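Next up: some structures, all given as structure tokens.
Here come two complexes built around chain A, the first alongside chain B, the second alongside chain C.
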Partner chain A sequence: MVSYFGNIYRALSTIAIGMGQTWKAMFRPAVTLQYPRERWELPVNARGILFMNADDCIGCNKCVRICPVDCIYLDAVKAAPDEDLGKASMGNPIRQHVIRFDIDMFKCCYCSDCTTVCPTECLYMTDEYENGVYSRDNGIYHFSKYSPEEAVALRLREKEEDERKAREKEAKLAAKQKAAEGKGKSAVGA
Partner chain B sequence: MEAIGIVLIKLAFVLVFVLSFGGILTWVERKQSAIMQDRIGANRASILGLRVIGLFHPLADAIKMFLKESFRPANAEKFIFTLAPAISVFFALVGFAVIPFGDKLVLGDTVVNLQLAPLNVGILYLFAVAGMAVYGVVLGAWASRNNYALLGGLRAAAQMISYEIALGVTIFGSIMVYQTVDLQEIVRWQGAYFWGWLPAWGVILQPLGFLLFLTVGIAETKRVPFDPPEGESEIIGYFLEYSGMGFGMYFLTDFIETVMIAAITVTLFFGGWQVPYLAPDGFHFPWGSELLCAQWVVALLQVLGFTLKIMFFLWLQMAIRWTLPRFRYDQVMRLGWKYILPISLANIVLTGAAILLIK
Partner chain C sequence: MFGNLFKKKRYIFEDESTMVVDLDQSAGRYYEETMSKLEIESYQGDEMVVNMGPQHPSTHGVLRLELVLDGEVVKKVTPHIGYLHRNFEKHAESISYNEVVPYCDRIDYLASMNQDLAYVLAVEKLIGLNELPEKVEYARVITCELNRIASHLVAVGTFGLDVGAFTPFLWAFRDREKILDLLEWLSGARMLYNYIWVGGLARDLPEGWLQKVREFLDYFEPKMVEFNKLLTTNHIFIERTAEIGVMTPEVAVSYGCTGPVLRGSGVKWDLRKDEPFSYYDKFDFDVPVGEGKFGPVGSVLDRYLVRIDEMAESVKIIRQALDGIEPFTAQDVQAAIPKRLRPAAGAEAYVRSETPRGELGFLIRSDGSDVPFRVKSRSPCFSNICMIDDISRGGMIADLVLIIGSLDIVLGCIDR
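Presenting the complex of A and B:
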């Protein structure tokens, strides 16, 4: 009997508490933001999509090595000996053509390690956060300033250069060997 | 008997009144829940860039409901499946026939009774209609040949019939006070004043009866917190197989029943169309001053007062719906049979004792 009336009392009192809560909530201003039209102002250290300034990249590969999820793909071609690629804005001399600098933003874990190690500070996080795309391929961002044709040409040049160097090396080696053989012969002959 | 033209005009008025309230409640539900949850709520529907705080949403809803395909499962009972939503809406609507919207309106020689059907057994009629409402639900659930719909229908039958009994018993106290079941007479009775200034509204004489009636009434509308028949988070409920306007009609029934409960509560406990200190010839304030006005102004004020009171109770029902969590099925049954029914029986005994003591 006591619990029966206790139940009734508890029901009524808790309903009163609940209704009081909602009554108070009716006078609170809405916290909703009309999202696509209004946006929150992001904090200055907000981590958004990565951006790479291709003019400043020296192709040092540090970001690739530090990336914990391996989402940065970098290919570089050495500059020809007579080529001057200038200097990055921080003063570092550029010695390579960065023919490929791709970041897979779907793999990226937004740890911001790469921006810390970047010696020229050309890699940084923007405040852009709306990177939804319709295809997985569109999640890979290409930052290199070289077009695919230029990249192929540079690669070809590098290959030829390498082959030329290999040939030269071989020729040198052969000459050396020849010289050594000639010496031996002469020694024998002597 | 009134002329057929007047009856038709009254009919149109009541239909427009109820259906526009039912339609606007879909907007109120969204907007009020948003306000209570610190959100902004529906404001996207626009006509020519005009948004009007989302008031076009009921219109957009109606267009959507009408244009959608009314799908019928292959094994459903065709005739009853189609008929059930109409039964549901019909019995929700006909109850308004006996609700008095105002006293008499005198236009020249004609006297218009602002009640669609002057019935001397008004409350009994209301209960009969409310009792029939369960058919729309159960038939719809059974005809759709779906186990979950049938579960919802069974729950609806059990819940509505249980609460039907409590609904009848909660009102006995009021009937004992008013000594009549004619709703127009009940409202006239509440035009008296205690000590010359306190309106003799039913809630003052029957506070317990009012609380119980409101609880049972909300249970009858099958909305949260009494929503095991619908159970949108578990079994979807009796309208599971309905789409398009079939679902729309069940949806509308819920809101019309909400308006219905508000209207009955106002009529029985809050003086119906009575505006405090408004006599047939104008205001007579208890401090002696008077403000006389024409008869049609009085009639208009009465209808307006009735509408405002209904709006308050619609607001209250929405606030309850968005505050309290839903009951489990056994909790609904326990509340109905073990708490509300005995307390309303006790209310009858108390009322009888009070009447005996006063006389």
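Presenting the complex of A and C:
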């Protein structure tokens, strides 16, 4: 009997202590934010959506190689020998046309590895975090400064260049062979 | 004659032995399909099979429990796992050593720092990198212990939720939010940090961060007292939890349980003390174990109390680490990061470390390339969930919910 009432007493008294704590909490300012109207101030290095400054990219492919989920797609075309593409803002010479730089933000795991390896610091994470879109295709961000037509033209140019080089090489090889054959013949003749 | 034919079923096994099962004895066709054939005989007619989960608020993730119930009494529990399997181990074989770190974050997403540390320590052992700047080591300890507090706050908060106490859950998350803010300031992300790298840290400590950690600790300690007044000392809560889910030390050890689940049973085993990694041997702290003040040792309440006490110990460790890091704040945290990570062929390292959920081990084997040949992770939650059948037999369904809560499982950690 004593333990029964003792139990009741202990239960009631500890509940009263707990209620005292909640009573105190009622007079404290609220810690919640009314989200769409109020926003949390993010720290300077917050990791949000990736952004690439196309003017500074040198097409070094480092970000593509380090990405653990392979969400960056980069295609670059070598500049012609007489073409000057200028320098990136860090001083690195640009030697390639970056005709495609796509980031699939739905695949991205926000690990920020790509931004640490970027030599020109043109790839960085913004503090933007609301990237909900209506279609899956809209999650792929295109950063290249070349239009699709320009990209096709550059690709064609590169192809032609490659073919021309291959032809030249072939011709050189053929000439060499011919010379060697001629030498061999003359040697046999002697 | 035909009635008899339909009610009995003959099973023929591979070794051509046969078994006849009377279907009248089982609870219908469902048994026949889901249970293993040999078990059917042992069930009584008034038992019922119920699936708890995978979409259930109190299974703490996508865990499916197959319960055999007699009324409200649990006769048998079979956990079915694998709903969150992400193929970590196989995937790690195709990416370089550094790229595995973001995947380690996702093993146990409530304590990413501790997972990162375990993996990074294994890689450092593999390449023989023993000397690190003091600042790196102290910062690792501080972040890991902060993350331990955050993880335990989720554990005790959701445990309160399982009992039916909603306010403590909100209070725990309010304090956890402060830790997440600190870690976000540090690394840029709130939960998946990718902060601890092989040989160093991803970023330097921001200016004034250590001071903010100190302020947080000063804020947190009185809040813990309030939390205890609200929930831990509540007599109804104690009466509800003190005598259920009792796990004897023998059971805990034989199943390989670790962490607060093992210590709740009264076994004093903490890798931070018994096999110190990083700088843990430099700090003075206690290892809380379950004492069974209100009932048998190893009850659900003991595991809860161990977590509460561990938070206080973590605060102690962080305070010492904050004092220790003071002379080294000018050091470069990326000084010791290896330029090229290519361990020798055939090198192998196993490192285990104490995460909030127990002992996490990584076995890494190298074949001489920059991609690991094999990464095996020993997850604490997997061992901890295995003994759920042992400790919940004979209890009520409502007790089972508490037992799951007290084991503090993270399904990402179980399935990897």
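Just so it is clear, the second predicted complex is superposed on the first by the 190 of 190 C-alpha atoms of A that agree within 3 Å, B and C clash if a C-alpha of one lies under 4 Å from a C-alpha of the other, contacts with A are read in each partner's own complex, and residues count from 1 in each chain.
Throughout what follows, a residue touches a chain if its C-beta (ideal position, glycine included) is under 8 Å from a C-beta of that chain, and two chains touch if they have at least 3 such contacts.
Remember, predicted model here, so these are calculated numbers, not experimental data.
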**Message:** Using the superposition on chain A, tell me whether chain B and chain C clash or fit.
**Reply:** fit
**Request:** Classify the contacts of A:22 with the two partner chains as first (chain B alone), second (chain C alone), both, or neither.
**Result:** both
**Prompt:** Who contacts more of chain A, chain B or chain C?
**Reply:** C
**Item:** Partner chain(s) touched by A:125 [first = chain B, second = chain C, both, neither]
**Value:** second
**Asked** Thinking of the overlay built on chain A, is A:1 touched by chain B (first), by chain C (second), by both, or by neither?
**Response** neither
**Request:** Figure out whether A:34 sits in contact with chain B (first) or chain C (second), or with both, or with neither.
**Result:** first
**Message:** After superposing on chain A, what angle in degrees do the C-alpha centres of chain B and chain C form at the C-alpha centre of chain A, to the nearest 10?
**Reply:** 50
**Asked** Closest pair of CA atoms, one in chain B and one in chain C, after superposing: how far apart in Å?
**Response** 5
**On chain A, the residue positions that both chain B and chain C contact, one per complex** = 7, 15, 18, 21-22, 25, 31
**In the complex with chain B, residue positions of chain A that touch it** = 7-8, 15, 18-19, 21-23, 25-26, 28-32, 34
**Prompt:** Which bits of chain A are touching chain C when the two form their complex?
**Reply:** 7, 10-11, 13-15, 17-18, 20-22, 24-25, 31, 42-43, 45-47, 66-68, 109-113, 116, 125
**Request:** Using the touch rule from the top, collect the residues of chain B that touch chain A in their complex.
**Result:** 34-40, 319-320, 322-324, 339, 343
**Complete:** Interface with chain A, chain C side, in the complex: residues 95-96, 98-103, 105, 167, 171, 174, 177, 184-185, 187-189, 192, 194, 202-203, 206, 226, 229-231, 233-236, 239
